Structure formats: C-alpha cells, structure tokens
Amino acid sequence: MSLCVNLAGVELKNPVMTASGTFGSGAEYSEFVDLGRLGAVVTKGVANVPWEGNPTPRIAETASGMLNAIGLQNPGVEVFCKRDLPMLAQQDTRVIVNVCGRTTEDYLEVVERLADEAVDLLEINISCPNVKAGGIAFGQDPKGVERITARIKEKARQPIIMKLSPNVTDITEIAKAAEAGGADVLSLINTLTGMQIDVEKQCFALANRTGGLSGPAIKPIAVRMVYQTAQAVRIPIIGMGGISSWEDAVEFLLAGATAVSVGTANFYDPGATIKILEGIATYQERHGFASIAEMVGKVTCR
Amino acid sequence: MSRQKTQGKILEQTEISPRIYSMWIRVQDIAREAKAGQFVSLFTGDGSKLLPRPISICEIDREAGKIRLVYRVTGKRTGTAILSEKQAGQYVEIMGPLGNGFPPGRGRRPLLLGGGIGIPPMLQLAKDLKEAAEFEEKTGKEAVTVVAGYRDRLFLTEELSACSRLYLATEDGSVGSKGTILDAVREKGLEGDVIYACGPTPMLQAVQTYARERGILCYLSLEERMACGIGACLACVCGSREVDEHSRVKNKRVCKEGPVFEASEVEWL
Amino acid sequence: MSLCVNLAGVELKNPVMTASGTFGSGAEYSEFVDLGRLGAVVTKGVANVPWEGNPTPRIAETASGMLNAIGLQNPGVEVFCKRDLPMLAQQDTRVIVNVCGRTTEDYLEVVERLADEAVDLLEINISCPNVKAGGIAFGQDPKGVERITARIKEKARQPIIMKLSPNVTDITEIAKAAEAGGADVLSLINTLTGMQIDVEKQCFALANRTGGLSGPAIKPIAVRMVYQTAQAVRIPIIGMGGISSWEDAVEFLLAGATAVSVGTANFYDPGATIKILEGIATYQERHGFASIAEMVGKVTCR
Amino acid sequence: MSRQKTQGKILEQTEISPRIYSMWIRVQDIAREAKAGQFVSLFTGDGSKLLPRPISICEIDREAGKIRLVYRVTGKRTGTAILSEKQAGQYVEIMGPLGNGFPPGRGRRPLLLGGGIGIPPMLQLAKDLKEAAEFEEKTGKEAVTVVAGYRDRLFLTEELSACSRLYLATEDGSVGSKGTILDAVREKGLEGDVIYACGPTPMLQAVQTYARERGILCYLSLEERMACGIGACLACVCGSREVDEHSRVKNKRVCKEGPVFEASEVEWL
C-alpha cells in the first residue's frame, strides 16, 4: 500500500501539500508540523522584487470561510532564495514555489532566478484576485492563459503547475488552454472574488474592497471544478478549496485530483495537514486501494 | 513541532461588567510559558466561525496551570457571544501563548495605560512589575502606576488597585477623571519613564505622540485582524518605520513581531 | 420614514421578498408568515407544461450552505394559474412569478399565459444550473442574454426581471446585456454550480451529480456581484444569496440592491423574512434614513 | 401564521445503546398536537450545519407537554453528533409536528414492523393502538404485534413489550429470529390485517411486496433528504403511482403528503 503520487515526474511521498499563502515559507508552521511528513510545501507567492501588499484590514471572516486581500506581500525572489529556500531544502519534502507577477516578464524573471535552486516544481499563480495588475487578469481568458503558460514553460527548468481561477464561466476551457500552452500540472481552485460590508460603519470590510473567498464554504465549487477539469484534460490536478478533513481530501481525489492542498484549514488547525494525511492512509487501507492513483477519479453514480 | 492547538478546561466564566466576561481556563502548557502582553487564539467551536479570536492574557497562575482572559462580547451572533455561553466545566479550543510580551524595562518607573478592552493585559503586567519592584526593594505597589480608561462601567479595578497606584478615567467623568487616560495623566500629573499602553487605535496614537514629545520610552500593544496568529498569513501587518527584516517591506506582523511594539517603530497608515 | 421601494414602477411596501424555489407558491409558508407583510412573494419557477424535476437525492448539506438539484419540478402554468395564483391574489403583497423554460418559446408561452393574470412582475430564470436544456445555458453568454431578454420583453405585459447566474467570468457583462435587451430589473445571484461526493459510497451526493450552491456560504460572492453590477447598470437590482439576518439584507442594500430576496434561510428559520424586515426598519431608523432608496449603494471606503 | 420554530428544553438525554440516543424535550405545542408517525425538524445550532434533521416522534406525553425522540448519531462531526452533546437543561431548536401520522386502521389487527432507527416511531403507535384496542374492549397488549429488527444491539424493547406482543430479529440471530423482520414474521407465523412499517428502504420495499402479495393494507413511513420540511422546496419527493394532486407529476412530498404513505401509492425509482 503506497501513498506516493507522481506530479510530472516528481514523486511526492504522499498527496498532501500546503496551499500557497496559507503556510508562509513553511518555517512558521514547522513548530506545529513535521514538514518532512508532507508531500510538498508550497510557498507563499514570490515575485521578482519585494511587494508591499495591500493596506489592512486584509481579511474578514465569512460563514464557514474567509476573505483575504493580502495582495501578495512578499520579500522578493532574492531574499526568498537566500533566506527561505535553504531551510526548505533541509526538509525531507518536495518544495514548490508559487510565483506571482504583474507582467509576463515579472514571472519569467522569477522562474529564471529559480532555475538552479533546490526547487522541485513551480506553481504559477495567474489567479490572484487581490492585485490590480497581473494575477487574475491573466487567468480568466483562455488565449491569455495559453500564451503565458507557453512563455513560462519555455524558460522554466522545473515542471510548471498553472494555478487557475474559479472566477470563470467555464473552467475546462481555461484548463485546456493551460494544457495546450504546455502546463505539466494544474492547481485549482484559487479563491473566489467576494466582498463584505460592515453595516454599522457602512464601509467595506477589507481595505481592498474585494477579497478572495476560501475555506469550507467554497468546497462544493472546488470539487465540481476539479471533477469537470479531470474530464477535460490529461495532465494531473492538484485539488484545493476548503479542505479541512481527510473526508474532504478524499472527495477531491475521487473527483479526479492527484494531490490536494490544505489552505485556510491551517489557520484553525495548524495540525490539519497531518491529520488529513493519516486519514487518507486509513481510508486507503479500509477500501483496499493499493495506490492513491487507484482512487483518483473513482466517483460513480448511484 | 511540539506545539498544537489544545483544549482548555473552563474553570470559571463570569460577566464582570455588562458584556465583559472573565474566564479562567486550565491549560498547563500555556500557563507555564506565558508572559504578560502575550495573547492566545480562542476558537469558537462553531463550524461557521472558523478564525481565531485573539485575546490578551490578563492573568497567569503558573502554579495552578491556569490563565485568565477578560473579553468583550462585541455583538449578537459573534464568536465572542458563543464563547461567553460556554460554562465552567466545558472546554474551549485554545492556542498560545502567541506574540511577544511586554519587555521588562528594568529600573524605570512604569506608567501603564489601558483603555477599554485594552485594560486586561495591564493586570498581569502590573503584577509582574510590582513583583520586580519589590525584588529591587522599592515600595511595592507604589512603584507601579496604572491609568485605566472606561466608557462608563468599571471592571478589574479591584485587582489593579491591589498591585498598583490606580487612576481611573471615564468618558462622562462619572468616576475618576473626565475624559481619556491622557486627560487623567495630565490632571493628576502622573509620571513615569517607561509607558506601556493598550487600547483603541486613537488612544495609542495619542500615547505615541505624548511619549515622543516627552522623549519617554513607550511600548504599544496593537490590534489587527488575524487569520493564523503565528506569522504565516500576513493578514495582521502594521506599518513600521524601518524596512522590516522579515517582510523586506515596511510591514511588521502584529501576531509575530508584536503585538507589543516600541512606539517609535510604529508608523500608522 | 418609509420602507417602500419601487421596482420598474411597481411599488413594494418594503424591500423584503422571497427567493424563487424556496417558498413554494407561498401557501406552505403562510402558516408561518403573514404574506401580507412581505414586499413581494416570488413563486417557484413555472414552465409551460408540468416538469418532473430530477431524481432524488435532490439536496445535500454543505458548510454554511446547501446544494440543490430540484430540477425545476413544477405543475405547469395552467395549474399554477388556477390553483396557486388565486390564493396569492388574495394576499396584500406583490406577486412575482418566476418563469423557466427549455427553449425561448417555452418562456414566451408562459409569459403570454400570464399576461392577464394578477401578476405584478415576471422574474425570468435564465440561470438554473440543474436542468439540461435551457436554464443556465441562456444565462452565461452576453449575446444570448440580450437576445432572450429582448424576445421576452416584446411579449411581456408585466415588467421583467432577469435573474442572472453567478457562474460567469464577468457579471457586469451579462448584466449590461440584459439591460440592453430591455430588462426592467435584475435579480442576482442564482446558485453557484457545485458538487458533493459521498466518500464512503464513492458516489455523487446528488442524483444529478451537480447542484446549485446557496446559503450563507455564497454571500460574499453575491454581495460582490451586486456591488459590481450596481456600478455597471442603471436598472434596479434585487439582491440575494445567503441572506439570513437583517445585517445581511442591509449589506446587499448598501452594496446597491434596491430589494432583497430571502432563500435558503426560510428552511432553517421559517420566520426569517419577517425578522429581516423588522431589523431593516430598526436599522433605517437608527441611522436616520428617510427611505430605503437613501441606503441603496451607500457603502464607502474607510 | 401562528406556527414557528421554537426552543425545546431538553429534559433528559441518554445513550440507550451505542450511538443511539433518547432525548425527552419539553415543548408544549408540539406535544399537544403530535400524532404517532409524525416527525419534527431538529436544528443543530451550529452555523455551518443549517438544514433540519428530521426525527420521528417516538413518544408523546401530552400531560407533561413533552416528547421523546430516539435517534442515531450517524458519524463524527455530524449534526446528530452535535445534538447528542447537548445536555439536560439546555435548549434545542425544534419545529413540528410535521407530516401526517399513521392512520388508525380501526378494527383491524395491526402488525407493526420497525427496522433499526425505524423502530422509534413504532412505540407511540403501539401505545395508541393498544389504547384503542382496550377502548374497543379487546385484550390490551395482545391486540398489537410489533416486530423490531436490529443489527445487533437492542433498544426500546422494554417500552415496546409493555404495550405489545414483541418479536425481535437480529442480523446475526444473537437475539430473536435471525435475519430481517420479515424472516421473523414468517418464522413465528405472525399475522395482521394492517401493516405499519418504518425502516431502511430495502426493508420497506420487501414489506411492500409482502403486503401486496397477501393483499394486506399496508402503511410505509419513508425517508428522504429534506430542506424545508413543510412542503415548499420539493427536495423530498418520492415516486407515486398516480399523478399527484399537488405536483401534477408523479412526485409526492415525503414531508407533506408523507412520511406515511399507503404502500400501494409508492413507486420506487
């Protein structure tokens, strides 16, 4: 019985990863989680230069979820390589760097800078709803998605994961465009654009007005999109959106994801990833699946 | 890798003033490590209210392995309302201690300024400072000055006056000085050479200015919305004067580098 | 101080309505709610002929929400006019009939049949995710939306409300298309397409596989879409999606909705509409708004 | 317009068998109106689990204004798990009585068949039928036959045997007949001229066939996922033989026209 999964030739010891932006660089959660037990650590988005992010308030709680508009604050790829990567390289886990940018050139600069670093995969965030330029603007139009994917694929030394936005009419169209552009793997979903208003102050709850909705609230949308995408493309999918328990993670695997990322759940249970991992293992055994691959996409009708 | 969210047993839950609750929680690990000025994350247990509620530690009883939290119920159907309905004997999910506490400021005369729901963390601090002063053989409670500012209804005054020279301010002047804590400081001519302050942002801004103008060392305990509470999500940043070592932009994390900052570090946005 | 609102010349005594499909024809909830206190009752979708709907299970619970795939079961417009309308006509409230169809002709048939009935407004559902033909297929393409809106507007005796789907990349584009087609009012949002999987049975939780997500979980998305749409069109908006409390309702008004519909909340609190109505009135008084119109779109930055 | 969801006070909460809980709730209005075979909607109180949990009424004490519910906790983190954690003295949100109860079937010899968590509604029905039989001056409890089928662990057997001739069936044969309730009926040669059944769908299907083949009047209590519980949302339909008056298609609402249907009306899909 094996928990290994394979993403574009990179073997992960198990399918449980962290969702970008919810796990810092890994260092903060290492007090709570043995990083070496995770399939992979996915870092916060990294840009070519330091980004300030948005003013506060940057988050708001919503029913079974939250809105965030961090705005991709990050110290830039240079600091990241010198400070954060060495710590990650010491861990017995795969390292996936999430890459963000305002222009295609920004992305390329980061991707090239990471070429010779100890990074296993690159996750390209073309779906952040919280920045003015770049981010989601790239991720909502199939032609644009194909173009930027191809440009990045050309330069990337590591396999690339394109991270897709759920704020689209037809996720399969976007997914197929990324595949056509040469994506090795797809990550979905990023957050759904949302808004909260403070009715007593009559103002937006977030300084940025809108933010990205994450957490259990969005899980049904995420599962649907993973399922639809799995029917439409041949490359592997990393599923995420509201995963809090092993049952949630298995739901994504059955829907067609090869691996899963745990995001918002880390905030209310720093040990969530490990509990999920253990739950998947027990489930796998109970149902007699020899490998995770056997579970992937196994949902059927009644 | 040893830290976790844990279950704390509620030993006592009392409404000590309208909508202000005091809760003693048995939670050995936190009580052992906690310092004045640190905070904990409380979780509501309701599946729709997932984020932590950051609450300052008000008192620490290391021997008994328990801590006291004093918190305000901010409205109906809020997380704090749910927390306030839990009763002694029940459990609450808790994580901590988090953030950095107040630095000792040895040998100085401390002036503690607490406004509203910023008063609770002043209690453990006052107790610690009194003890330190006694150790240095100064006149116990006279060594610590606390000014507590309320809208109208008081709380924690007995506990505070047991370990400090306590001055009160109320908005309507019904008790103590009329106005803010700084009005009380001026009215009573209170002095100190290190200030510790916690309270609403306008109060902290005024205290920052007051300390700067007089060249007094000053520590502010800040508030910001939090998601992770441990420095990972970057939700809770405050503006800092210098480019910060972690962020490489002028953003410090209230949960990690704070919640207590030296006043001169803080740049309001 | 007045609670009245005006939708395309039709005056409602207050902005609180029921969301289609969650309130039956009104009869069922009349044991719990004095229908005469509501701004309007919006009926379950009505087609030209009886529809069977989907097989069961038709619903599933999700975190702070639910999925439904009722599939627009309805007895057809003829039975509806004879049986349900007379009861509604006796109530001192506005009657809004929600209209569904598989083809444009289906919609037109219903609209024409209702021409001389005691119906105040028609709400045209071009956004149901749970039927194979019609429904959402009409609601995701701007050209299609404009075309069907124009066809219906031509025939409709009552003002028409176009009910929009949130399953789109850009809600303002769809909203503008409906406005261009002659819509008098917009309703948004309908449900978001979602899926749930039973991990022990390894099958879809709903017989229909996918269903529409509603309830508090989707509120941030709905508020955002109402806000964006209010910036983009000049016709009034009926806001809905997760409204459970008066605070939620006020959030939609501040975001730019002229009226609000209460849907899923009826299921967990049959008296929700009235509590919301009373809460809005208190809020209005406390903040000194002379009319609801003064509150509409009043959200500001910090 | 007078009906509402209300708060019922929990008078007693007991785990009467592993994961099977019995709860007595004080709720005057419901106790006054309720009939055997009707159900109530229970709400979890957790903001993430909003839908009602339909639970059959197991016993009614009209004088004391209370009802008894017997329910199974279906798993960890489920709504029923949350309900089971509530303690006597606390309140639970409840709505009802809902649906139609079992019709009396006067003058006939009743045979009650309950499987698993379909057993609870048989208790009030058995009590009512026994009382009716006594009124008609038949030999009390001998007039009512109940067959209760369990997986392994028993519950409610004492209460049932106090008001009926009770036969048991267990899957492993550890108690009573081995197999299903119909196995017990056949083994013991039990007879009746009206059948009331509640239990899992395969059992109800078998009972339907059994009754049809013998031409016995039969009532089935059905289960379906519910959202409104009052007939408005059309979530809970079951196939009906005839075009239904309400739907104009062959769909009856379990919450409104049911949960009890004459077996011949029901068409399984």
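Just so it is clear, A, B, C and D label the chains in written order, and each chain counts residues from 1 on its own.
In this text, contacts are C-beta pairs under 8 Å (C-beta built on N, C-alpha and C of every residue); 3 or more make two chains touch, one makes a residue touch a chain.
Labels paired with UniProt names: A, C = Dihydroorotate dehydrogenase; B, D = Dihydroorotate dehydrogenase B (NAD(+)), electron transfer subunit.
Just so we're clear, the structure is a prediction, and the values are computed from it rather than from any experiment.
*Asks:* According to the touch definition, list the chains common to the neighbour sets of subunit B and subunit D.
*Replies:* Joint contacts, listed by label: A, C.
*Asks:* Out of C-D and A-D, which chain pair has the most contact pairs?
*Replies:* Here the pair linked by more C-beta pairs in contact is C-D.
*Asks:* For subunit A versus subunit C, what separation do you get between their C-alpha means, in angstrom?
*Replies:* Centres of subunit A and subunit C (C-alpha means) sit 34 Å apart.
*Asks:* Centroid of subunit C to centroid of subunit D, CA atoms only: how many Å?
*Replies:* Their C-alpha centroids are separated by 36 Å.
*Asks:* Please work out the Cα centroid separation of subunit B and subunit C, and write it as a whole number of Å.
*Replies:* So the centre of subunit B lies 47 Å away from the centre of subunit C.
*Asks:* Multi-chain contacts only, two chains or more: what residues does subunit A have there?
*Replies:* 63-65, 215-216, in rising order.
*Asks:* Please set out, as single numbers or ranges, the residues of subunit B touching at least two other chains.
*Replies:* 47-49
*Asks:* Are the chains arranged, by touching, as a line, ring, star, complete graph, or other?
*Replies:* Shape of the chain contacts: complete, all pairs touching.
*Asks:* How about subunit B: which of its residues touch subunit A in the complex?
*Replies:* Listed in rising order, the residues are 1-5, 43, 47-52, 79, 95, 224-238, 246-251, 256, 269.
*Asks:* Would you tell me which residues of subunit C are touching subunit A in their complex?
*Replies:* Touch list, subunit C to subunit A: 62-65, 67, 140, 167-170, 192-197, 199, 201-204, 207, 209-211, 213, 215-221, 223-224, 227, 242, 247, 250-251, 254-255, 283, 287, 298-302.
*Asks:* Across the complex, what residues on subunit C touch subunit D?
*Replies:* For subunit C paired with subunit D, touching residues are 21-24, 28-34, 44, 50-53, 55-61, 63-66, 68, 70, 73, 75-76, 79, 215-216, 264, 266-271.
*Asks:* For subunit A, which residues count as touching subunit D in their complex?
*Replies:* 63-64, 216, 245
*Asks:* Quick check on the complex: what are the subunit D residues that touch subunit A?
*Replies:* It is residues 47-48, 77 of subunit D that touch subunit A.
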